[in-house]
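Each of the next two complexes has chain A plus one other chain: chain B in the first, chain C in the second.
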Partner chain A sequence: MLNSRTRRAVLDAAIVAVVVAGMGIARGVYSNELMLFNFVMFLTLSQGLNIIYGFTGYLPFGYVGFFGAGAYGFALAVMHLHLPALAAMGCAALAALILAVVLLPLLRLSGAYFAIASMAAAQALYEVIANPDLEDVTKGPYGVSLSNVFAPALSYYVALAILAVTLLLVVWLRNSRFGMSLQAIRDDSVSAAMAGIGVVHGRTVAWVLSALIAGLVGGVFAWHISVFYPDTAFDLSVSIFSTVFLLFGGATTLLGPLLGVFILYGVYNVIGIAVPQYFQFTYGALIVLLVLFLPNGLVSLLTSRGIRVP
Partner chain B sequence: MSPESRKSEPLLQVQELVKRFGGFTALAGVSFHLDPGEVLGLVGPNGSGKTTCINVICGLYAPDGGRILYQGKPIGGHKSHHIAKSGINRTFQSPKPFLSLTVRENVELAAHYGDPNPGFDIDALLAELELDRYANRPAAELNSAQQKTLDLARAMATEPRLLLVDELAAGLNPAELNRMAVRLRALADKGMALLVVEHLMGFIDKVTDRVVVMAAGKEFFGGTLADATKDPEVIRVFLGGGHHG
Partner chain C sequence: MLTGALIAGVIFGLYFTLVGLGLNLVFGVMRIVNLAHGDVLMLGGIAAWALFSGFGLHPVVTALLVLVVFLLAGLPLYYAVVPRLLRSRDAEMLSLILFFGVSQMIEAVTTISIGATERSLPPRLMGVGPIILLGTRLPKAWFFSAAVSALAVLAVYLYLYRTRLGTLTRAVMVSRDEALATGIDVNLVSAIAFGISLALAGIAGVFAPFIMGSITPNMGVALNITAFAVIVVGTLGNPVGTILGGIIYGVSVMLMQTYLSSWANLLPNLLLIAVLLVRPEGILGRKVRRA
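After this line comes the complex of A and B, so read on.
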């Protein structure tokens, strides 16, 4: 039993290696670095969301709040503390962590109530940061410029490292008893508690990990693009895209969100460049078809036949 | 249980337990006790507070009054997972398996987090409960009787000293019923205390040593089932309405 579990984990880790190496090589052969960076960003964000939604069943529409907190954590550290970029990344993580701890009581809610409350929290944070009266601190709605730390190559590879760690974290959750205990809590929190599982502890760990990942992605986003506005850092479409990619591919798996990003974000970019007038139509149709025929995502084509998907 | 533990002290003492939901009093000061190796039946009409009683003992609800002593220590209001680790477990009226996990994983989690003695044999337990054939199937594929058995397996994987059994017999066919009664009796003979909530009196008769009859959140009869059926008050509550709370 243990042996087959180890074998699975090794196989899953091989997928991680292929994806990370592939995205690293792509930067050398493809010139649109911003598009590749966005791919890395969404690959990471959809897996971060996977940790909280796929493993515990909480779907935070306000996931972008952690991303924005990370972006501004990074920006404030660079602007006011004059920290080097890598140290400012630590502040990005810290900002998301603090937000996660402040929002812990939201886990008392469930379903749509939780989703909406988390969105309201993200919106509240946005309103504070974009407040013109705070211009001296956050630059308010006028946006920040971090040109003194601009380093497109290094920030790309840091984003890649965050992706690698996130994917390995999901591999661990997929193959560990802790990950299994989270799924048990998601399936039935009452009987999970009677099995001796600390329900609050499990949910808290998943929530904090998920927030931390979004915060780090937000930080590296701020670093990579270096000029941005609160509207960009708290853009709700960050939440929506991550959620759609996750659900399209299939939550609770490693492969599902990866497929979701590569296929849907790929289609998004192809249509966006070739026939932008059909973009919303095509995207809408894809999502309608998915909800109607594959509500559990692409991977359910295999899992419903009893085939294990990494 | 440690061998030198005082024989005189009951394993579980429920004293004047009160539980309210808003304006509704589900438990109005119920009291009873349970010794190691004893099977106590908790019977009463629908709504008399039997399941609420189990839910409060296992930590799902905090009591609003009264005390629950387990091995002499108060446990009222403790978190469920601590109660599970301390040796109390339960089954559910409608089974609650982890549907996305396999049967073996269901039991494995309880055997890991529920703190049984080291070297607990999951496969032997599955074989004993005739779940070994489905060990690697998702729990969602089991029928309802099998899911109830899985509930029992998961509870047993935490090696409880006290097992709360909430309407395990409902929905089982006569053959399954008989097997379940034999199983529960065997657990008690090995020293486990059982609190059995059940509507099927035949099942209660086969399994329990003693019954407590409840109505409107309070016990009003304690003794053997045979004596209970002769008690005029018990007959009135079950057959001649008025008390349905």
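After this line comes the complex of A and C, so read on.
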């Protein structure tokens, strides 16, 4: 018989396999590839946000900044360095990494200050990239076109690979000593430091990982979409959607954000596309109700009864 | 050109003092961040536009109406949301998320009911022709808005320091628990502060079409960052300190627009990050660092 720890790990890995395989098969049987790609994108982004918010308690409202940095890292590498797409993905990761390091001091702030400062940082980056004075470099507000690397099938599978790695990362965090120590820091950083946990080190690693994921998703988004504007790459609703999916499902779990994306983004695709305002309203109302009545998400219905959720 | 930028900056800054004032009052009293502040302001602007184009009502009359209506609307809104929120584990953080939801709802409802187009009011409502001050030509509407802001700041000051309710409000600001233990009706005091905050945002909104040229339903988010920058640069939790923040913000925006115009939008964001990072305790007057 397997011991309980191995059983958990196997169950978690099985969920990852099912989700990734499911999204892979879905591309073969369902024709709306863009919608499926968006699903993969938000599945990855909400888990990336889960790594920083769920495990360390920092909620970056400006999470989209890394996404945009990745998208433009990719675009600039293709436009100016004429790199092939896969190498440009490396530049997307690099751009997000640089931004994460530049913004490291933000981790000295807490709670609302951190959230607002990160949003201001994303907005500042947008203002730089969309600046008409930089049209020669970034094409300013007029958007970029990367049609020479357009490869919808390959980019979809690369996105899927990023999703798989991200999910496995969350599984590892949930089952490893490092993930536990992050949660200890989140709950009480002073006690965690007393117990010998490297508080700053832990937060830094989680922040960089989370930024890297968003950067890679941004890069693969640029690749898959191939024509986009700064307004799309730095659209605050990327942050909003990821946050709502995460909170709706329940942070710090593997299943929570997955449920959040499948349920809410599914509903969005059924009713939201035609009149986005109705959906925006529903989202707003949902956020309010969640904070007031279910601050720990859907999975807390189970966890509060002592049932372990993967 | 420099004096021009400075004078325009002070006038502009006085208006942004009004934009941030209510947000700061709510933060000071309840330790929550009302991220729907910019959207309430937008609603004030919509009211000014709708009442003018529908009934020809002068914005000053609208401002008085908005003052009363928003103040009264704030009371039930407070009781519906805030006491429950304050009981939660991390009220400051959750307030940010919750009011973000409120902001999305306001934006959606406004867009559904009047559409997403830009609305503006004819500037001549505030008097024709510019005012010339030390060789700088400024629209009359700017002076008018700055004067209203100065009046509002004065009114808030008198309320806080010269009335009994204001004394109670300051007691709640210092310590909510001790105020409760002294027998102060903390919820009533906070509800009134919340109402005042909405009214201040609404009045700022009435003059927004003149200062910003036009209003749109989605202007709220950017305004929130600006308002937050203003109150962080001033003193967070100290409403009167907002004047300092507003004027620093106004002057730096005008200097940017004069010398580096295409980069002017970058400023509130950078100012906010810089102040938060460099002097969070000093300027804010309270501990915000955890690590």
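As a working rule, the second predicted complex is superposed on the first by the 290 of 310 C-alpha atoms of A that agree within 3 Å, B and C clash if a C-alpha of one lies under 4 Å from a C-alpha of the other, contacts with A are read in each partner's own complex, and residues count from 1 in each chain.
Keep in mind that, in the parts below, a contact is a pair of C-beta atoms (placed from the backbone, for glycine too) under 8 Å apart; a residue touches a chain by one contact, two chains touch by 3 or more.
If you're wondering where the values come from, they're calculated on a predicted model, not measured in any experiment.
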Item to complete: Could you tell me if A:267 is touching chain B, chain C, both of them or neither one (first, second, both, neither)?
Response: neither
Practice prompt. Check the residue A:26 against both partner chains and state whether it touches chain B (first), chain C (second), both, or neither.
Written response: neither
Worksheet item: Between chain B (first) and chain C (second), which does A:192 come into contact with in this model arrangement: first, second, both, or neither?
Response: first
Worksheet item: Which one hits more chain A residues, chain B or chain C?
Response: C
Worksheet item: Regarding the shared-chain residue A:183, is it in contact with chain B (first), chain C (second), both, or neither?
Response: first
Practice prompt. For A:9, select first, second, both or neither according to whether it touches chain B, chain C, the two together, or no partner.
Written response: neither
Worksheet item: Can you pull the chain A residues that chain B and chain C both touch?
Response: 199
Worksheet item: Where on chain A does chain B make contact in their complex?
Response: 177, 180-181, 183-184, 186-188, 190-199, 252
Worksheet item: Can you list the chain B residues touching chain A in their complex?
Response: 58-60, 79-81, 84-85, 89-90, 92, 96-101, 105-106, 108-110, 112-115, 151, 154-155, 157-158
Worksheet item: Which positions of chain A touch chain C when the two form their complex?
Response: 59, 61, 105-113, 115-117, 119-121, 123-124, 127-128, 131-133, 189, 199-200, 203, 236, 240, 243, 247, 275, 277-278, 280-281, 283-288, 291-292, 295
Worksheet item: chain A touches which residues of chain C in the complex?
Response: 33, 81, 84-85, 88-90, 92-98, 100-109, 111-112, 221-222, 225, 228-229, 262-263, 265-266, 268-270, 272-273, 276-277, 280, 288-291
